[in-house]
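Input: one structure, supplied below.
Chain lettering (A, B, C and D) follows the sequence in which the chains are written, and residue indices restart at 1 in each chain.
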Amino acid sequence: MADIKARIAARAAKEFKDGFVANLGIGLPTLVANYLPEDVHIVIHSENGFTGLGSVANKGEEDYRVINAGGGWVTYMPFANFFGSEESFSIIRGGHLDATVLGAMQVDEEGNLANWIVPGKMVAGMGGAMDLVVGAKKVIIAMQHTQKGAPKILKTCTLPLTAQKCVDMIITEMCVMEFKPEGLTLTELHPDFTVEEVKAVTEADFIVADDLKAMEED
Amino acid sequence: MADIKARIAARAAKEFKDGFVANLGIGLPTLVANYLPEDVHIVIHSENGFTGLGSVANKGEEDYRVINAGGGWVTYMPFANFFGSEESFSIIRGGHLDATVLGAMQVDEEGNLANWIVPGKMVAGMGGAMDLVVGAKKVIIAMQHTQKGAPKILKTCTLPLTAQKCVDMIITEMCVMEFKPEGLTLTELHPDFTVEEVKAVTEADFIVADDLKAMEED
Amino acid sequence: MKNKIVTAAEAVAGIKDGDTIMVSGFLGTGSPEILLDALVEKGVKHLTLIANDGGLRAEFTGTTDKGVAKLITAGMVDHIIASHIGMNPDIGNGALAGTMKYTLYPQGTLAEKIRAAGAGLGGVLTPTGVGTIVAEGKETLTIEGKEYLLELPLHADFALCRADYCDTFGNFAMLKATKNFNHVMAMAADTVLLASEQVFEIGEKDPDFYQVAGVYIDYIVKGEQPWQI
Amino acid sequence: MKNKIVTAAEAVAGIKDGDTIMVSGFLGTGSPEILLDALVEKGVKHLTLIANDGGLRAEFTGTTDKGVAKLITAGMVDHIIASHIGMNPDIGNGALAGTMKYTLYPQGTLAEKIRAAGAGLGGVLTPTGVGTIVAEGKETLTIEGKEYLLELPLHADFALCRADYCDTFGNFAMLKATKNFNHVMAMAADTVLLASEQVFEIGEKDPDFYQVAGVYIDYIVKGEQPWQI
């Protein structure tokens, strides 16, 4: 399981170029920062109001003015800048983020995304998720391929949407899929799996890329 | 003439309460600040980006970062705050100005205002005038009653409007008129003039207030 | 000029049952705690609360409630307008029990709605929420082939804001991640209360020391404290 | 991380004939003079210029042209989008001669249109200009009985901005009345050039020393000078 998360995060990290400005969702997406090559330095945006998010603050070294969007005490980089929510979401919505990495409950063939609400369950609220997936230049969904075996990549999302046609790429422990003009396309396959195995746990129809590559662990 | 301007400015000054935030147009309206009672301190907003405008800077003491909206070197008060144009006009449009004093080419019975353009003449641009008269809580027009004898308070403005139904009060060397629910009303008359004399140079119909007062010079 | 410095009790004295208030803070960080404490002490009811979230409950902080959780714990809020309520279970539970209502907006939309009210705009067009339940009941406009939701201004009777520094005129500054909704909320309410850690005399600091203009501020309360972690 | 520090000539190298550029400044104050000088030196044509005004001509300043007047004097601008052009007679004269076009917006509308582009909004509703010639050809919406104009975003290929201080990442600060359009323009162009009086190393100053995030900035040019009055 830890292994699977590491695999997904490591692959997502390859999408980042030096200087990218990115927002990483809570949980697995946050791990992406740990897998960046040494020559790739990114600027992490924290939607509660800064660019230049660092890491979790050490116990006893917390700054009471510096939290991340999950409410945890964090550090900031020397190039950090802090701003209000109106500015934070101008950065997000205005296309100033090169990428965002988020988890998902469901993604469908159209690139629709559902990751914020389950009818009948207690509502948490969308927070910044809807703005992020509409605004970021590249929306990368990093998630386990299935929910305990049940497909999460569907023909049509059944849960309420976070946004329409917003997803650019899906990275799971099995494969990488990209939304291309011709449709959802399997572009990389992890050596542990076959295309048939991916199809068996993917409800959405997808194209297999002519130049299908191996999803490399590192 | 200097006398007339002083009379108008002095009367306009009486509309200000201690602590008012106000924008004063270039020319005659700027003089208003000179006639405030000693116990009335106001905050002057300069639409190029600050609150706490002072006075014209002395020769040799100019700060190259501090101009007013007319491009002149000015001073600022110790409570000044400087901001961007988006904020400056949020203050204006958002109802955060208690009053603005501006000149006019024409005002009409509906409270429509024309003070920015004369067809056929070189266009200067509206600058901040349209926002000011729409946003300020009280719009005071301070002007000479006529343009060389030709009425400026009309039934209907003939020049392109700056804004519709925006004027609250007109102060001239002859009188004070206010836009009340029942219509344009003469509320104060300068002792040098009669109601008939005002009517003779005012194209707009107006009501004479039951409690018509004398327009006091001081 | 008018003295704006008052006690916390005096600052909140005008807030009455049924008012709409906006309170800054992101999970408590950047919230004006001394104003919230004074409001709980005063004890108004049936508030509509505009805030990013529901604050943090004492169980989560390990000390006391932080931010608007204080108002919710005290049962003072009938309706919360926010972007995230998952960290304060009292809201979801209150909704289930029928004692509390919530309205959710995407966080960026919430910030723009508040700013629109403060800036005198009639609304803004945002691409966020198009094709989702957030769009329900809202006007959509298509501009150059792209669809947007029309989001209307969100205004309050009172705004409760927090600063690290201010002067006695109300010019204020916030440090690091405490900024969140403090600026936009200071623009968008009839009466604006500011709690500050430090209050300087007018002219004591350079004007560029402050980030937001004091013209928005009606009352200033000294003595806001750092969060004791 | 990518080095953003370049010469003025390198910064403007990408600007080409027919581009739309936005340049900050209010009658020259807060304009990035070293970028304007470099652009005049380079000599592109047929620009669409978004700016508050036409800058100041040398006859007015008693020294040299200030702000965007440099571009207009050099005949580089086909179309200016501004709020006030009366202080630079070349614009009115150019319009009469048919060599130059202008489009006017109320100053607050101009600021919001630029901000909307930078903030990813599809437009804003403003009460300013309703019932005037500014409303011609624009959609009007009535919200709760009040009429508003729909104003669309205003975006540029390049923005030329000025700071007093910045760091090598591009976080920047402006002092006093030089701020005007610098912040919103830095948000609203594909490529953003910043000229700064001083450039500090990353981390040399506290983050709250800077007012605007460096993520907007593509190129930084050192050596912007104070205005010699």
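Following the convention adopted for this analysis, a contact is a pair of C-beta atoms (placed from the backbone, for glycine too) under 8 Å apart; a residue touches a chain by one contact, two chains touch by 3 or more.
Since this is a predicted model, take the numbers as computed values, not measurements.
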Farthest from subunit A by Cα centre, which chain is it? Let me know.
-> B
Comparing A-C with A-D, the one with more C-beta contacts is A-C
Euclidean distance of C-alpha centroids - subunit A vs subunit C, Å = 29
Find the geometric centre of each of subunit A and subunit B from their Cα atoms only, then give the gap between the two centres in Å, rounded to an integer.
-> 55
For subunit B and subunit C, let me know how many angstrom lie between their CA-based centres, rounded off.
-> 35
Tell me, which residues of subunit D touch at least two other chains?
-> 112, 115, 119-121, 126-127, 175-176, 207-208
Per-residue overlap in subunit B, given as positions that touch at least 2 other chains | 50, 76, 82-83, 86, 89-90, 92-93, 134-135
Report the complete set of touching chain pairs.
-> A-C, A-D, B-C, B-D, C-D
Subunit B-facing residues of subunit D, complex | 26-30, 52-53, 56, 60, 82-87, 89, 92, 95, 102, 104, 106-112, 114-115, 126-134, 164, 175-184, 226-229
Flag every residue of subunit B that touches subunit C in the complex, lowest number first.
-> 18-19, 21, 41, 43, 45, 50-52, 76, 78-83, 86-87, 89-96, 134-135
Give every residue of subunit B touching subunit D within the complex, in rising order.
-> 46-50, 62-67, 69, 71, 73, 76, 82-86, 88-90, 92-93, 112, 117, 122-131, 134-135, 160-164
Listed in rising order, subunit D residues that touch subunit C in their complex are 112, 116, 119-127, 141, 143, 146, 148, 150, 152, 173, 175-176, 207-208, 211
Any idea which subunit D residues touch subunit A in the complex?
-> 1-2, 115, 117-121, 167, 169, 171, 187-188, 202-203, 207-208, 210, 212-216
